[in-house]
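Below: the structure, in C-alpha cells.
Labels run A, B, C, D, E, F and G following the written order; every chain starts at residue 1.
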Amino acid sequence: MTRIRRLVLDVLKPHHPSTIELAGKLSGVDGVTGVNIGLYEVDQRTENIKITIEGDNIEYEVVKQEIEKLGAVIHSIDEVAAGSLLVEEVETLQDR
Amino acid sequence: MTRIRRLVLDVLKPHHPSTIELAGKLSGVDGVTGVNIGLYEVDQRTENIKITIEGDNIEYEVVKQEIEKLGAVIHSIDEVAAGSLLVEEVETLQDR
Amino acid sequence: MTRIRRLVLDVLKPHHPSTIELAGKLSGVDGVTGVNIGLYEVDQRTENIKITIEGDNIEYEVVKQEIEKLGAVIHSIDEVAAGSLLVEEVETLQDR
Amino acid sequence: MTRIRRLVLDVLKPHHPSTIELAGKLSGVDGVTGVNIGLYEVDQRTENIKITIEGDNIEYEVVKQEIEKLGAVIHSIDEVAAGSLLVEEVETLQDR
Amino acid sequence: MTRIRRLVLDVLKPHHPSTIELAGKLSGVDGVTGVNIGLYEVDQRTENIKITIEGDNIEYEVVKQEIEKLGAVIHSIDEVAAGSLLVEEVETLQDR
Amino acid sequence: MTRIRRLVLDVLKPHHPSTIELAGKLSGVDGVTGVNIGLYEVDQRTENIKITIEGDNIEYEVVKQEIEKLGAVIHSIDEVAAGSLLVEEVETLQDR
Amino acid sequence: MTRIRRLVLDVLKPHHPSTIELAGKLSGVDGVTGVNIGLYEVDQRTENIKITIEGDNIEYEVVKQEIEKLGAVIHSIDEVAAGSLLVEEVETLQDR
C-alpha cells in the first residue's frame, strides 16, 4: 500500500478566506500531520501561495476538494513524496 | 481540532511602544511559547518589522488584537503552520 | 551482492497520469523505501521531473518499466549510489 | 510573566573602553547567560558594533544603562525574542 | 598500516555499460562500503562522471582496474582521505 | 565573575616565528582550551592572520602579551563572547 | 604541553608519486588520525593540492619532512589549530 507523505502545491487563492483558515482546514484532513502555507505574492484580487503538507497517508483528492471548497485552485504539484519513509529531493551535479 | 503552531507576520508599527514591549505582550498570549521580532526597516514615523510567533495553539484574532492595541498594523501573513506537528516550508526545484 | 540504494533520474512525462500516481507506483516497487518527485518544468504537452528513489535494494530495470508503463521516459541517470551504506556525493575543490 | 531571551542591538561606541570590557560588564547583568560582540566598522573616533545578548530573563533597561555608562549608544534593536522558549526568526518566501 | 577511506575520482566513460553497472561493480570491491556516481556531462559518445567511493580500506589499483575493465578512464583524483578516521577537507580563509 | 569564552582577533605578524609556534604558545595560556589561526594574506614582510581563541576564562592582556612577544600586533578585536555560556552572533534581517 | 590538532597546507607537488601515496604516508605519521588531500589545479609538471591533517598531536617538522621526501613543497600554512580541543575558525561580521 503506497502512502503519500508530502505534497508541495503552488496554489492561487482569493484573499478570503485567509491562509489561516485554509491551514486550519487542511491540517484537519485525515492522514495529515502538519501544513505550512507561505505567501509568494499578493495581487489586487488573488494571492499566490505555497502549501507544504506532511503526513503518513495524505489523500490528494481530499486535499484538492478542501482547497477548491475555499475558492482556491491548485496551479501545480511542485513536489510529492511517497513510500514507507519520507525521502528528500537530492541536489545533483546537474542542479549546480 | 486544528492548531496554529507558527505565524510569521509582516507588521508596520509606530516607534512607540518598542518591539521589546510588543514581544513581551505577544509572548504572554495563551497558546504562545515564544516570539521573535526582527527589524526590517525604520522610517521617520514607523518601523517595518517581522514577527515570528510559535506555540501549540496560537489564536490569530487574539494576536491581531494585541498588535492593534499597540497601534501597529498587520501588513501580511507571510507564513502559517498548523497541525499536530510543526511542518517547515520545503524549498522545491521551482524555488531555485 | 551489490545493492542500489539511491537513484536520481531526470524524466520526461506526459501530464497524465500525475506525479502523484507515479510516486505511488514507484514507492510500491520491491526494495524501494521512498520516492520524491520534484517538478522542473511544465510545457504544453510534457513535464520535466526529477525522481529521487531510495531503498535497500532498488532494481533499475523494474523502476524503468514502471516509469515507461505510465508513458514517461528516463532522460538521464543523474546519480546512483550503491553498497552496504548510502554514500553521498562529496563536493571537492574542483566543484567550487 | 513574559521573559526576554535574546536581544540583538546595533550600538555605536567610543574606542574606549574596549568591547572586551563591555562584554564583561553586560555578561554580569542578572538574567544574562552570555554576550557576543561583533565589530561592524571602526571609524576615527567610534566603533559600530553588534551586541547579541542571551539569557532567561534579560532586562532591557538595565542593559541599556550599562551600555550608556560606558559612553555607548543603542542605535537600534535589530531583534528581540521573548517567551518560555527561544524562538528563531524564520526565513519566509518573502525574504528570498 | 595506512587505510584509504575515501576517493573522489573524475572519470570519463563510454555510454555503456551504465553508471548503474559501474556503481554495482565498484561497491563489490573489498574494503568499499559505498559508491556514489554523479553525472557531470553527457556528450555524443562519452559521459563525464564523478565517483565518490568510501570504505575502511580502499585499494586504488583494484578500483582503477574495475573502472578500466568497463572501458572508462580516470581523469583525475580530486580527493583522497586516509587514516584511522575519515577527515573532511576544511574550507579556509584562502578558499573564500 | 564574567568570563571571556571566545576572542577573534585580526593580527599582523612577521613571517617568523610561524603561525604554528604562535598557535602553540597561545594554546598554552591559562583559561584557553583551543586556538585556530587562519591565514588571510601574505605580503613581502608580514602576514595578516585571524586568531580564534576559545576557553572558559580567557585573559585578553595575557593573550595580547604572548602575541606581542612574538613581534605581532593586534589590529582589531573582531568578536568577543563572554558569560556563563558561549553565545554565537545571530544574523538578523539587517545583515541580509 | 600544547598539541597541534589540525594543519591545512597549500602544497605544490610533482605528478609522481600520487596524492594517494602521499595521503598514505602522512596518515602513518605519529599523532595523525586522518589526512584529506584535495586537488586545486593540475599543470603540465606540477599539481597544487590542499592537505588537511587532523590528529591529537601533529608534529609539523615530521609532516614537512614526509612531504619534502616525496619531492613536494609547502607553499603556505593556511590554517593551524592547537590546544586541548579542536577549535574551528569563526566567521565574523568582518568576513561577510
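The rule is simple: a contact is a pair of C-beta atoms (placed from the backbone, for glycine too) under 8 Å apart; a residue touches a chain by one contact, two chains touch by 3 or more.
Note that the structure is a prediction, hence the values are computed from the model and not measured.
Common neighbours of subunit C and subunit E under the contact definition above: A, G.
Note on connectivity: the fewest chain-to-chain touch steps from subunit A to subunit D number 1.
Each chain gets a centre from the mean of its Cα atoms; for subunit C and subunit G, those two points are 39 Å apart. Centres computed as Cα averages put subunit C at a distance of 48 Å from subunit D.
Distance between subunit A and subunit B, defined via averaged C-alpha coordinates, is recorded as 22 Å.
Touching of two or more other chains is recorded for residues 6, 38-39, 50, 76, 78-79, 89, 92-94 of subunit A.
Those chain pairs judged to touch are A-B, A-C, A-D, A-E, B-C, B-D, B-F, C-E, C-G, D-F, D-G, E-F, E-G, F-G.
Across the complex, subunit E meets subunit F through its residues 92-94. By the touch criterion stated above, subunit C contacts subunit B in their complex at residues 38-40, 50. Every residue of subunit B that touches subunit A in the complex is listed here, in rising order: 1-7, 60, 76-90, 92-94, 96. The residues of subunit A lying in touch with subunit B in their complex are 6, 8, 10, 18-20, 23-28, 32-39, 42, 50, 52-54, 76, 78-79, 89, 95.
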